[in-house]
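Lettered A, B and C in written order, each chain numbered from 1.
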Amino acid sequence: MQLFIEQLLNGVAMGAIYSLITLGLALVYGILRILHVAHAAVYTAGAYVGLYVFTLSGSLLLAVPAAMGACAALGVAVERFVYTPLLRFPPFVPLIGSIAVFLAMEEVFRLVGGPYILSFPAELPFSGITIRGVVVSPAILSIYAVSAAVLLLLWFIVTKTGLGLAMRATSQDRDIAGTMGINASFTISMTFVLGSAVAAVAGILVGIYYNQVYPTMGAVPAYKCLALIVVGGLGSLPGAVLASLLLGVGETLLIGYANIPLPRDSLAFIAMIAVLLWRPQGLLGGK
Amino acid sequence: MNDYSITILTFIAIQAIVACGLNVIVGYAGQISLGHAAFFGIGAYSSALLTTKAGLTFWAALPLVILITGSIGLVLGMPSLRLREDFLAVTTIGINFIVESVFLYVPFFGGALGLGGIPSITLLGTRLRGPKFLYLCLVLLGLVLLISRRFTKSWAGLACFALREEETAASSMGVSPIRFKLLAFVLGTAMAGMGGALYAHLMRFISATDFGFPLSITLMSMVVLGGIGTLWGPVIGALILGVLPEVFRPLIDYRMLLNAAILLLMIRFQPAGLLGEGSLLRRLFRRKGGTSNG
Amino acid sequence: MDDVLLRLDSVSKHFGGLKAVDDVSFELAKGEILGLIGPNGAGKTTCFNLISGVYTPTSGAIYLEGKTTGGLPPYRMAALGVGRTFQVVKPFSTLSVVRNVMVALGLKRYGGVLSSFAPWETKKSRKEAMTLLEEVGIAHLADTPSGQLPLGNQRRLELARALALRPGLLLLDETFSGLRHEEISLLSKLVLEVRNKGISVLLIEHNMKVAMGLSDRLVVLDHGRLLAEGKPEDIRSDPAVIEAYLGKGASANAS
């Protein structure tokens, strides 16, 4: 029983990390209707920049904001140079652009950072706790704490601030939002800033948790998180979080308990197809 | 021409066949498919199994391979093609991953070790290898191009073009969207299946990772590069993307980066492809009469 | 009853809580031009979408020549002889004008598997398409990519496409909006010719002059409900209709 709870907690932690990545995807899809595959490159960049700054300074307190800033810039660059010019074309055009950016970035990481797995030996500012015999490691605890903080902040921004309102209005109807004085271009860029910064945090968390930073660490999240936003309901932020948590728990329990001859990574897509068959608009999708 | 060049050209020819199939789906019917490599794999595995475990010759197996691949395309297409564009994109990615997993984990398909011992193709007593195999591929490529061309000239093709441009309007003119999208999808996947069969008998050994998502991206890149919806586009795309790695071979470390960069530049500045409308190439060789499909 | 082509019987279309069309009934007789008017948001285009098969009625029934059609998809409605134009024009942009019309000429081909394999670009089909283009007056633009046409010509193309279906019922959705004076009179004459050939017309129009001038009868919708029905003279002076238009601050466009 105790093992089950520990597995469950692991699963929730995985889910929390997925949600940090998936939220960025959901935000971008909501506002531009683009499947932002390159987001996974931003996530990986977060891990690399975080590691680099940490190695130089020895401080996570410096590394995290540095990574967030760098990734925000990267995200906006992709939006400005690739997506916005391609918006007038059919959707697969920016999608291919996104995939091309992602593949190119993977190569850049490999060439600049080396093809090896780098370790991220950061000390987390939490100590493990034990509740009734269930051990919760510092890593898991920090994932909970950090993701909760980030999610809360994001929730606050999206629902309570003017920017959040602008974001929601622009995703509904860009032109009408424009006539109401909303600067669509700025709002779109800010969306990328938020999503990318959050992904950077995810990258650092993963880097520390697994003690691994490598060029292709974004490959699996790139496509798995696409399935997750579909399951959650394209563009639905709560849906993205819900789907991520469910998958995190599902995957962890599946490896732990079931003996299905299909790899963990396909589960997301199988779940997606199952959900689409039952509820074509996704779990929390509208319309 | 040396053996190495012949092998490269054979690969290119096979990939061109598969890319032509993708062009029917994406270019003619306007449906996105990012999992086309899965059907390439289904064709390869079908032919491999039919010729090894069932003892058929390549020629006897080929019609079955096309039938099997097309049927699976039909079954997978029916629910998928009803989905909106973005859902369809992710679903096709999912199909690719799931099919690859099935090949990798279900023992019948050889699992991680793949399938080996695939016989070579014999025609009238001679084994087809090297240049002869290339000729076979070129002949079948020619066949695929002929079928594609014939398709664009048929009412079914016209219906697909109309669907691609304006689905609601096309539907109001009697074009059943699901029927014609499926038709294009089945045709496209069947072509991929045929390419897969050729691949299996060329390599004599196949494994699941040959047919993963990265290949789907490469195939899509070929179609985009050459010009979506043009007849020769996929062939040009396959040629360029097949030759490019060889050209960049000396820069071996930067090869992948250059490939990705070229794809990015292409899609960013010439999304219609080299042969597409308004492309640089077209404007250099200005022609009257419009595109091959309208 | 015999010469009723289209009949809506207590048709409703609800989108969640929104009653876009609420318990609407009316008839269209064969050979009639019926105008569907009403202020913005009255549910006129929703009615069209219900009739042409884009939407399925939430309740009520639609009869075409006595047979129920509610729920049939647009491609089946086309086969049953319903042709329509769209308020926001939908040309097949990369196809040339004449090829746009040819798509519609293939109506009978799209139903069969073998029949759709026949070639479409024949002398015969081109001639048929050109004839239709001549009727609407854009034959000289036959090989122009349809996406490049100005609005007036695109509306004429929509009409030609709908006519190519050889429909018994023609639905015109704001075909006259955004057009210049000369274009309006030209198209009006066209519509009358179409009716004289035996095709019944149901048209949505905001331009009151056109609607009153062309229609034999009018049906007025407001907030999804049937407000009034009758001859143009009667509708024009109906206080409820006037209030529906002016009372909402929307003035009747009597240019």
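Quick note on the criterion: a residue touches a chain if its C-beta (ideal position, glycine included) is under 8 Å from a C-beta of that chain, and two chains touch if they have at least 3 such contacts.
Bear in mind that the values here come from a model prediction, so they are computed numbers and not experimental data.
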Exercise. Just say which it is for the chain contacts: an open line, a closed ring, a star, complete, or other.
Key: line
Practice problem: Would you identify the chain whose Cα-based centre sits farthest away from the centre of chain B? | Solution: C
Quiz item: Can you give the whole-Å distance between the Cα centres of chain A and chain C?
Solution: 48
Practice problem: Using mean C-alpha positions as chain centres, tell me how far chain A is from chain B in Å, no decimals. | Solution: 32
Exercise. Measure off the straight-line distance from the CA centroid of chain B to the CA centroid of chain C, and report it in whole Å.
Key: 41
Quiz item: Hey, which residues of chain A end up touching chain B in the complex?
Solution: 29, 33, 35, 81-82, 85-86, 89-93, 95-97, 99-101, 103-104, 106-108, 111, 223, 226-227, 230, 234, 261-263, 265-266, 268-270, 272-273, 276-277, 280
Quiz item: Of all residues in chain C, which touch chain B in the complex?
Solution: 52, 54, 73-75, 77-79, 83-84, 86, 90-96, 99, 102-104, 106-111, 115-121, 143, 145, 161, 164-165
Quiz prompt | Touch list for chain B against partner chain A, complex | solution = 26, 30, 32, 79, 83, 85-87, 89-91, 93-95, 97-98, 101-102, 104-106, 213, 217, 220-221, 224, 253-254, 256-257, 259-261, 263-264, 267-268, 271
Self-check item: Residue ranges of chain B in contact with chain C within the complex
Solution: 153-159, 161-162, 165-166, 168-177, 179-180, 277, 290-291, 293-294
